Amino acid sequence: MSTGKRRVCFPITSRAYYGRSQLLIRKLHSHPGIDLQLMLGGSILLDKYSQHIADDIEKGGFSISTSYFNVIEGGNHVAMAKTACLTALEFTNGFHSIDPDIVVICGDRFEQLAIAMAAAYLNKTIAHIEGGDVTGSIDESVRHAITKLAHIHFVTNADAERRVQAMGEDPRYVFNTGSLDLEVASQVRIALTNEQVNSHGVGHSVDITRPFLMVIQHPVTTEADNRAHLETTMRAIAAIDMPAIWFWPNADAGTGEMSESIRHFREHHAAITDKIRFITNVPVDEFIGLLRLTACLVGNSSAGIKECSYFGTPVVDIGARQQGRLHGEHVTHAPYDADAIARAIRAQLHHGVYPSSSVYYKPDASQTIVDLLSGVELYTQKRFCDPQLTS
Amino acid sequence: MSTGKRRVCFPITSRAYYGRSQLLIRKLHSHPGIDLQLMLGGSILLDKYSQHIADDIEKGGFSISTSYFNVIEGGNHVAMAKTACLTALEFTNGFHSIDPDIVVICGDRFEQLAIAMAAAYLNKTIAHIEGGDVTGSIDESVRHAITKLAHIHFVTNADAERRVQAMGEDPRYVFNTGSLDLEVASQVRIALTNEQVNSHGVGHSVDITRPFLMVIQHPVTTEADNRAHLETTMRAIAAIDMPAIWFWPNADAGTGEMSESIRHFREHHAAITDKIRFITNVPVDEFIGLLRLTACLVGNSSAGIKECSYFGTPVVDIGARQQGRLHGEHVTHAPYDADAIARAIRAQLHHGVYPSSSVYYKPDASQTIVDLLSGVELYTQKRFCDPQLTS
Amino acid sequence: MSTGKRRVCFPITSRAYYGRSQLLIRKLHSHPGIDLQLMLGGSILLDKYSQHIADDIEKGGFSISTSYFNVIEGGNHVAMAKTACLTALEFTNGFHSIDPDIVVICGDRFEQLAIAMAAAYLNKTIAHIEGGDVTGSIDESVRHAITKLAHIHFVTNADAERRVQAMGEDPRYVFNTGSLDLEVASQVRIALTNEQVNSHGVGHSVDITRPFLMVIQHPVTTEADNRAHLETTMRAIAAIDMPAIWFWPNADAGTGEMSESIRHFREHHAAITDKIRFITNVPVDEFIGLLRLTACLVGNSSAGIKECSYFGTPVVDIGARQQGRLHGEHVTHAPYDADAIARAIRAQLHHGVYPSSSVYYKPDASQTIVDLLSGVELYTQKRFCDPQLTS
Amino acid sequence: MSTGKRRVCFPITSRAYYGRSQLLIRKLHSHPGIDLQLMLGGSILLDKYSQHIADDIEKGGFSISTSYFNVIEGGNHVAMAKTACLTALEFTNGFHSIDPDIVVICGDRFEQLAIAMAAAYLNKTIAHIEGGDVTGSIDESVRHAITKLAHIHFVTNADAERRVQAMGEDPRYVFNTGSLDLEVASQVRIALTNEQVNSHGVGHSVDITRPFLMVIQHPVTTEADNRAHLETTMRAIAAIDMPAIWFWPNADAGTGEMSESIRHFREHHAAITDKIRFITNVPVDEFIGLLRLTACLVGNSSAGIKECSYFGTPVVDIGARQQGRLHGEHVTHAPYDADAIARAIRAQLHHGVYPSSSVYYKPDASQTIVDLLSGVELYTQKRFCDPQLTS
């Protein structure tokens, strides 16, 4: 506690956040003026999603300050809300115990708002990564509410920077650093093999040396028809008749019914799924390798908006989850309609790879963030900066 | 559940919110198109703060959907954060059970953000009363974070209206209705007697037919010196040598040490407190009667900014808690300095009553809100309204 | 609240308890002097275990007082302990709200002790069904701890009666009513078809008109090798070369690794599982039909000790879970050793059906319990009855 | 974690437990084969009860593994039950983190059962101090339920030893070590001064060189009339007309109304309380000094049964809380009746000091316990020992 170093606490609650934060975590860990405090909770501790990560963390030499099992089963909104509350309760104890100077909150997952609330009530300085974007789902509310609790803002694009300032945040603490995801993606050098890919998951053996689709469709927590929407996409994919790798949805309200639906298709409509491989999780570098290789990414993952912008991978973005988000020309939107989705996929397959975009990319995003976290003057009492006075 | 009425849920967690919402609650209760669902939690259930309220509610014929004991003892930040988390966990169960169409969130207390978060995760439409103000303390963060979770905004003044829109809220759902507190205050007709006032609390018998001070100083959760700040005010009051009614601080992080300090003064420095009456709680109408009668209100209560603006009661506002808030000319600010506070009180006593201000007052605030709650079209998926496009 | 009826609260937290309590619940529901209060929590709300039950309850005309999602994911001891704590916290709110006169606690599952603790702290009279048995696993501790919190004891056999009294319980409140499970089992009249059975689960199509095995192996929470033990049984079953119906393990500490193991076998060692059908759940009457039909029940389910005693179905009981429990001659024990298990199965197949035993069976168990719950004098203050004075 | 030492975890949740465990904690701390893990929670963290203890612990050189604020305000049964649940949830995280070999559970407070449950579910070996006694209140249920979860039993008297064995505990793990409280009491050498005593609390200045009464009356959680019972005792004390030191009740269901009642008497019936000093807390050695000095201890504290047996201090034990407990001849029982209580006090004052009793006292209790905790073979799977087979 009395090392004289700045204590930077990094709560990790999902494999996605761990993946995109790898470079940042390593640099925080090795910075001489920073004590890195990793706290784990939520779905990252449930091995069906993230068996590789604990090993990774161990190998990286990072010590875990504390781990909390706090995902409440149900896959519905009640379970999601209670998971957030329990997470915040437990992280309060953790923060009280390790007494960080800064708590780093990533993105817009529901439990991150709860953790940010706990940190704010303990008078911690909060740094938020990826504020200011506009999307659909409950993420939209979560992201901006975190912004209003946070003190230091690392945004990934110019639109986001403008919005965070419009919301009354102090312009001296809003930094457009570019996206960590893209920095990680830009550094991955992996030569994927069929053997590697097909060692994960179940179903069809996909030959990645030939064109294949990739599907990632998460529940939209503010919508009631997640099961139907998943089935719509399933039918569109079946219509394309190209091998596909389908990633299991995130643990969120709506996951239960989507998982159920996938299992139902596999067991009772084998014909529809017979060219699909279902995978719950792969190491981050393999995931990025697949994003670069796939002929088209289909679904509603933010990877379509972000990582794919760097690679120029064609994307068919379905529904409201990423709606309104700044994106490059490699993204085509489609509604929840099997024909429209299939048409959009065919058009993207016909177009092929796009040029790389710099909408979300800046070099050295992680180094910029580490430098700021170690050097910026900390404060806790927030005050609305009236935009007309600051612009 | 199938009455065809709009179910409006009103979570009440403090006597202050109950007090200011009385007219609104009565009108919601008697509206033919609304099923009012009262939920109680937090400090309102702890009788040392609010013994009169349960009776009031009973007398009003309102039925309580559910009551949760969830205040964690400690009077520090950890207890405050965990109280918020436990509150949200329990209100999630309550919301799941009574399935409201709208959840009404009041003001900026820490547990109200937690409740708003739970409601948002259950896809409820959230109506927020009193967003957009600027103050100090953690309330500043809490208030704006609630705004970013809420769908319908009832603000109390033009400044607030502008800020809520700047934060990206849909202008069609931002309504400047004026303040409920002032509407309640404007309707109170009470002829207070010495007997009434001195039946509450302990200490000096105050003669309210003669000039007296009134002190309300709450903890500022983002500051470490709440005990010292209370003692500073205590010394200033002693220096004025006028009888005073001192209200016990709210249950918040910092309350523990402030209560301890008051007890210490009473038992070990009787001379300083011998003209002071200490009161934890009075019925709302008597409280308002005292605000109108007192020669000067001292401390950091929002009642100084708001109710007193209507009555023109002189106010000495101390420290950062109300800092930056729009106020009338009846308010003088003072730093945490006994001499400065005493000087400011003397100046206000010399000046006497101010003219009534309309900064926060509009007639029929509660009726305006009820009409909107019963009629406005509800939505759940939020989306940032870029201000430059909407203005 | 003022019906003059005795309010009897029945917390149901697993499909097994619901199954065995069907007759009791129906009789409580229709008793003119009893208000039945059903509360649901735990795994019964997670549809992967119990999709049929909500429908059943609806059809039975029972109203659910409240439902709590409170299973914390992880399948390990931490998750199990925290699930119990969260369950008790939420049931405390539920009890406070519906104010039962009696809380009925069933059996020895971990969350039932937590619920009993909550009920005891609220000064409710607790009735416990199935105390006094001796088994292995954490159930052994849970069961007797519940006994020491309970006021009325419904035991299923003479050994249990003696033990409950030895523990200091008042003999006037210890009743040997026989087992509810066996009463349910004795009344099931079902002609199972192959079509019915094979509509559940995945894997091999079992022909139930020919001899088949049935496997139910739950985790033993006090042991570390649940995965290895499951694999041992898997190898024994494979060695017998007879079709088998394998039931998914209960949600308990250790379930995670066991489920993982089953999935691993199915996907990577198909030969071993190719005569096995894996089923998570069937309606209670079909389950009992299978217990009567199977050539031999293998594993560590209490159904082997109890229901099978009535039918005379041969049982191979593995390991420590049911160790020490009173049982009929139809049960053979086997250690965690594939050869020993296979040998024991072969011996039981050679022996065939046993005569029905009355160790656990008395007619009208449910009616006896309802009569006592409605008529017995209630008390809350417990006092150790020194056995030497009372016998 | 890999020191090769046995990790012994000691959860402390009240000042009373800390007081009586002082010698034990010191010996555990200095034992070369033991890593002592202190965990704090519950009322011990709330300074109104225990400001001296944190300092003590610091001075003793003990490090605190973790501290949890988890007392839910309300002073009623709901708050008590939820406090227990929250405590157990948080201690589960703590146990998971520090991974003790043995968890030491003290006595019979409600939160200790909850902690024992959590420890049992994590497969920890549980050592229980002070099982087997018979008393009133919910403590009676709590104590025996803990026995049925515990593996090693340190009882304080022969009656308790017999009862713990009757309940099916393994006689090889039941040890009559005598009472820790009495060992602490026997070693206290303090020359109390009037100045010391009157530096605590509020009210009358008691002259301890002259006869004075001492009152400790805790709520009985299974009774509804705690306020009335307190008032009865208050009237009896007033009738004796001797100075009295009155200790504030424990934090338990019922405390709220009792505290309220004391405050009411002080403020509105000053005559009745004008010879009484009200004290919330004194250091343990001063407390013991007072027990030795007082002319008569009145109320329902276990200190009357135990510590006073060693000193021969006359005791009037009121009501059901200690009912049935083994006690020496220095104790007289009285019902909730002011006249009967006053009569009993007068008789005890007339009798004066009794000879020291050895009912609860053995020399070196703490050393005996430490030796066993460091050396006894540990086990986790419990099994009912049928008494007829083991005696």
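When the chains are written out, they are named A, B, C and D in that same order, and each has its own residue count from 1.
The criterion applied here is as follows: contacts are C-beta pairs under 8 Å (C-beta built on N, C-alpha and C of every residue); 3 or more make two chains touch, one makes a residue touch a chain.
Note that the structure is a prediction, hence the values are computed from the model and not measured.
Colleague: Name, by label, each chain that touches both members of the pair subunit C and subunit D.
Modeller: A, B
Colleague: Can you name the chains that touch subunit A as well as subunit C?
Modeller: The common neighbours are B, D.
Colleague: Sort out for me whether A-B or A-D is joined by the greater number of C-beta contact pairs.
Modeller: The comparison resolves to A-B.
Colleague: Averaging only over C-alpha atoms, locate the centres of subunit A and subunit B and give their separation in whole Å.
Modeller: Taking the average C-alpha coordinate of subunit A and of subunit B, the gap between them is 38 Å.
Colleague: For subunit A and subunit D, let me know how many angstrom lie between their CA-based centres, rounded off.
Modeller: Averaging C-alpha atoms per chain gives centres 51 Å apart.
Colleague: Give me the residues of subunit A that touch two or more other chains.
Modeller: 78, 82, 86, 93, 96
Colleague: Inside the complex, what are the residues of subunit D that reach subunit A?
Modeller: These residues of subunit D touch subunit A: 66-68, 90, 93, 96-97.
Colleague: Which of the residues in subunit B end up touching subunit A in this complex?
Modeller: 77-78, 80-82, 84-86, 88-89, 92-93, 96, 110, 113-114, 117-118, 120-123, 134, 136-138, 140-142, 144-149, 163, 166-168, 221-222, 253, 320, 323-324, 380-384, 386-387
Colleague: Using the touch definition up top, name the residues of subunit A that touch subunit C in the complex.
Modeller: 45-48, 69-74, 76, 78-79, 82, 86, 202, 256, 260, 267
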